[in-house]
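So, here come the structures, one by one.
In the two complexes that follow, chain A is the common piece, with chain B as its partner first and chain C second.
Right, the complex of A and B next:
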């Protein structure tokens, strides 16, 4: 696309080292499989893969545009065309579901290793694209790349332990954590580990700071907003939420609810199982709720905000050029407009400008009646409905108050993805829109 | 008093005891020495230099007690012997009888003593007498027993002299009060002193804090105001052809001057460059004919009406008018919001 020979020769050195690193990693892995775990078959497979990586490394180091391994243009075009907020969000939700359902398959070390290598190779191939590299290799965004891999690794470790424990419990054995829990090795095992980690992390951070200096920009100005203007990476999920809500809700209420909801968790949890060991089968509801809120509603939104939101906060595909002139046709409409104008084909109820305040208020309430009714149904009518249907057992165990708190926290959390879906599918801006008093939902 | 000092303690005590023995009240005697004119020859001889006090017991010896003369004689003898300290005790012991007598007469004396306790001026004799009366009740012989009743009338007899008596207690009573106050002052000094230190400290602190706040507030009013004036001229109407969005005032003033169509009417208006969602500065996209915010993607039409993204209301207008010289003048001190129906205000636009 916008690839230039200068770019390729610049990135070729990095890619050569990158592929060589993957090759070395797999070589060590194959060696361990062969000598330590006695799996010569797998060892041969992975050493062959390492050889392939060495070939890629040498191709990349050539620096020739025709030789540097890259994704074909057609693939990039298709990916760009397909990607959008809808597909991204639905895709992450689908991925989350698949990973959860088939967790026993994915926790196998060979599967995980394969996925890791596939991801690394795909990233290497994508890196030959200038647009992709410009975003991913930006010093600001490098930590997010690290976050993706680190988070995947830790989630995998925890899931693996949980799966092992679940199998043991199913067989009537105690979970791994309860087998040898009489003593914990602290000195020198833990302390030395911590010391070594401390030194290693410090050295790593020093190197990082030297190699990827923090990007400095021009002095700030109140009339000049950088385009795109991005929050710190850990707030990008929040910034993405703000696209769908009024600031008071997405910037104040929802973050506070996240904090208070996390604090309320121990008091809402009635499940005595799974205490002190990893387990998914014994705590399905808690596990799914938390992972959905954390992985899908927070982490993937950070990734979306970092890599896929460009100038004017438009959505850009991974290989798309970030131009501020991208034309994106959008026409968001409030629910009152939809209801009164589009469906009933009549003007919005609006009081005369000189009408007394109660007339104004009455007209506003009438105008927002559909939105208020919807909101009321969602927050007031839905909890009891859920209590007699899918949450029947939980309602019996939790009691009225705890159930109400839980269900409302849950509904407010789900209001985010619901609103996102409504925005994409119906171009809905606000369900309740009272700009007269800056109250929009 | 000065004379008394010249006497030794022992002598005084002896005299006092002698006086008591005579059933005379020393305090009364002290209080009013003058009325005691009938002075016995012996006592007067015996204790002229001893004490005026000593003379009174003598005067009161009209009670006809033999012991008085004896005691005085003894005292004199003792004094003659020159054994001051030694004499005192023997004298005291030698006259056990007067001691009870003193006790017998103690009631008024005690009153005086208590008054003395409260009072400042306590003469040694009364203190000693009181102490002894309390510490050494002593036996009372049958012979002396009648002296008690005899002694009681005496105070009564002395009662006529009472008018002068109450006088001294009066000054003494205020004195204790004064003294208490003095004591409180002395004790409270630390409190007052430390308290006042605290008060001084906190006063200084609040003064300093107030000055600091004032100084801080001063920073909000710099000597040189770098801000551009809120009223500024943007040129004549001719400079804004139909459909034009003038962006050259954004950097300095934060204003777009637009010649656009609003609800079928061609107007020139000044839009504030602040997004109504979270306050970023949108950019004017000529190709798409819209204002687009880079922070959350809000979009506004050329007339400022919000149509995409999360912005909940249209951009705001500044006041605009045609100045006296015919130029357009934007006034940033006044804004007009569409959702409040303020765009109908003729000050919010200039008709073309």
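Right, the complex of A and C next:
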């Protein structure tokens, strides 16, 4: 812990405003429920909640350690102790799976609103923790907090419409978007919407600029390396991948493949349904692939890289102080070492230093034979195998070349989570390691 | 009232707007056809195509943020000097002493917002299946625009020349030295030799090309400044024009033709 006695009184004003904002938000919501939607029962519930938030606001404004609402120390300690890259990755994966499977339940407005409020309150309680606040309130990290809430909101908006459309399609009715397809004049309908959007964005940006100064640290110094050194936040997913892969793959090849794969997507997706309306049931494969790539691999890794990776890129719990002295044991082993030394109890195949080049090459290939065989199975043997089993229908519709590109992009995308699992379970460092030409995979 | 009438009947007004106020159906159509800025739009549009629950307005917001970045960026260029001697001091002065130093806040937060809205726009286009025929090519243009947006943000990140800037760019650009064959620490570069002399060294590899030097220094600042203020914005402007034009040619923002 690295507590400053002034921390709570410093954030008291912010937290008070924050809870008052939640209260106001719920007050408006309750009013709408009462007057517009005729649901007085729910209106009373949410007004009561708003009242509770006002109590929290006044407690927070006091700035006194005994009064400011915060998570109990025991909870924070347990969360810190439990969290790690494995639990984080599996936990988010499990969360997305549950949200997806029970999407009909979660898109209901009352459920979504409850979750939003729970998230906001949890965020407020966490913000009373100095270590948490230090990371989340760093100016350049604020956009990511915004991104998380915006993504959650828009995913809800999209899923809600997809659920309605999927039910309609199952009943043989057209999706809502097709019902609503009369034409209107662009002036005034669209032009005014655009104007209002521009004014709203300008106002929002001005408010943001007034409230939060842009970050400016000490002058640049090429001799003083900060720890941790981080890329800009939108590249932190890539930086996180460096834990599992060498830079040539995590920093160059995989990002290029992401761009290539995105560009190839419309040419690989042969499904003619779901064009121009929200739907999940009609395009499950494309939907799940994209969501896995975007929400699971891109967004959650950015959040991990930004909020949970501290000095020396070690993992820190959300309420943990970023001490630079945290030591993590690194005992990762290459596959060649595992195969030859640990399992066969032999030395690694090695040519004499003065041996001719073909002998050197032969020894390298022999040494890496297990890894190369595994990779060959994965990238060469698996696609045809999938084509005659679970992807049989897709293969028939896509044709050879499109299927080949799709299956390899898919397998290369999955190489990341697979490597993560291998690292966690077997401490595997490299599957193929040829330091002679700096090629480690 | 009378003044408004007089203005609208003047030769100047009529030379600019060649039709009466768009209050009736005919003039609402004419305004879309005769105004340069509005002719980007069609005259009429499917009600679905402008429903906020459907579009989220994220493409439009991204374009608007690009314009905000252009305007604030040009204004900042009047003030900021991209040299080791002045870069940091100019930003410091923008924060502490300059009137309208808030332009820098607008520019930086606008840039972050633009990255986010670009992702959200792409998310919406995917979720509504709007990349499907006939819009495959426009999706590809959009992916390039996404890449350029990230590069705009990345090049701009260096310009304040503080610790945050140079180390983020150092970490980011270190990737380039691992480029297969073209980076001096990349796999396979050992194979590119002529008569025993390495072709790929730290003075000739991909990272050197990006930074203009072996480490992030004055050459990099100049290089990123030009990329940030001239080269990438021009490329973005051209691709935006194609992007919007194709939306029209492909029959609106989504759905089969």
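Quick note on the criterion: the second predicted complex is superposed on the first by the 427 of 441 C-alpha atoms of A that agree within 3 Å, B and C clash if a C-alpha of one lies under 4 Å from a C-alpha of the other, contacts with A are read in each partner's own complex, and residues count from 1 in each chain.
Criterion: contacts are C-beta pairs under 8 Å (C-beta built on N, C-alpha and C of every residue); 3 or more make two chains touch, one makes a residue touch a chain.
The shown structure was predicted, so the numbers you read here are calculated from the model rather than taken from an experiment.
Ranked by how many residues of chain A each touches, chain B and chain C are led by C. Of the two partner chains placed by superposition, A:405 touches none, neither chain B nor chain C. By the touch criterion defined above, A:374 reaches neither chain B nor chain C. When both complexes are overlaid on chain A, the residue A:239 reaches chain B and chain C alike. In the superposition on chain A, contact is made by A:313 with chain B only, not with chain C.
Once chain A of one complex is fitted onto chain A of the other, the partner contacts of A:421 are absent, as it touches neither chain B nor chain C. Of the two partner chains placed by the overlay, only chain C lies in contact with A:190; chain B stays clear of it. In the superposed model, A:90 lies in contact with neither chain B nor chain C.
By the touch criterion stated above, A:327 is placed in contact with chain B alone, chain C being left untouched.
Of the two partner chains placed around the shared chain by superposition, chain B and chain C are both touched by A:225. Common to the chain B and chain C interfaces on chain A are residues 221-222, 224-226, 229, 239, 246-247, 251, 436, 438, 440.
The touching residues of chain A, when paired with chain C in their complex, are 140, 143, 146-147, 150-151, 154, 157-158, 161-162, 177-178, 180-191, 193-194, 197-198, 201-202, 205-206, 208-210, 212-222, 224-226, 229-232, 234-235, 238-239, 246-248, 250-253, 259, 262-263, 265-267, 269, 271-279, 283, 287, 290, 294, 434, 436-440. The part of chain C that touches chain A in the complex is made up of residues 22, 25, 28-29, 31-32, 38, 41-48, 50-54, 56-57, 60-61, 64-65, 68, 88, 91-92, 95, 102, 104-106, 108-110, 112-113, 115-116, 119-120, 123-124, 126-133, 135-136, 139-140, 143, 146-147, 150, 153-154, 157, 160-168, 170-172, 174-180, 183, 185-191, 215-217, 254-256.
Partner chain B is touched in their complex by these residues of chain A: 221-229, 239, 242-247, 251, 311-314, 324-325, 327, 330-332, 353, 429-430, 433, 435-436, 438, 440.
Of all the residues in chain B, the ones that touch chain A in their complex are 250-252, 254, 273, 277-278, 280-283, 285, 287-288, 292-297, 299, 307-310, 312-313, 339-341, 344.
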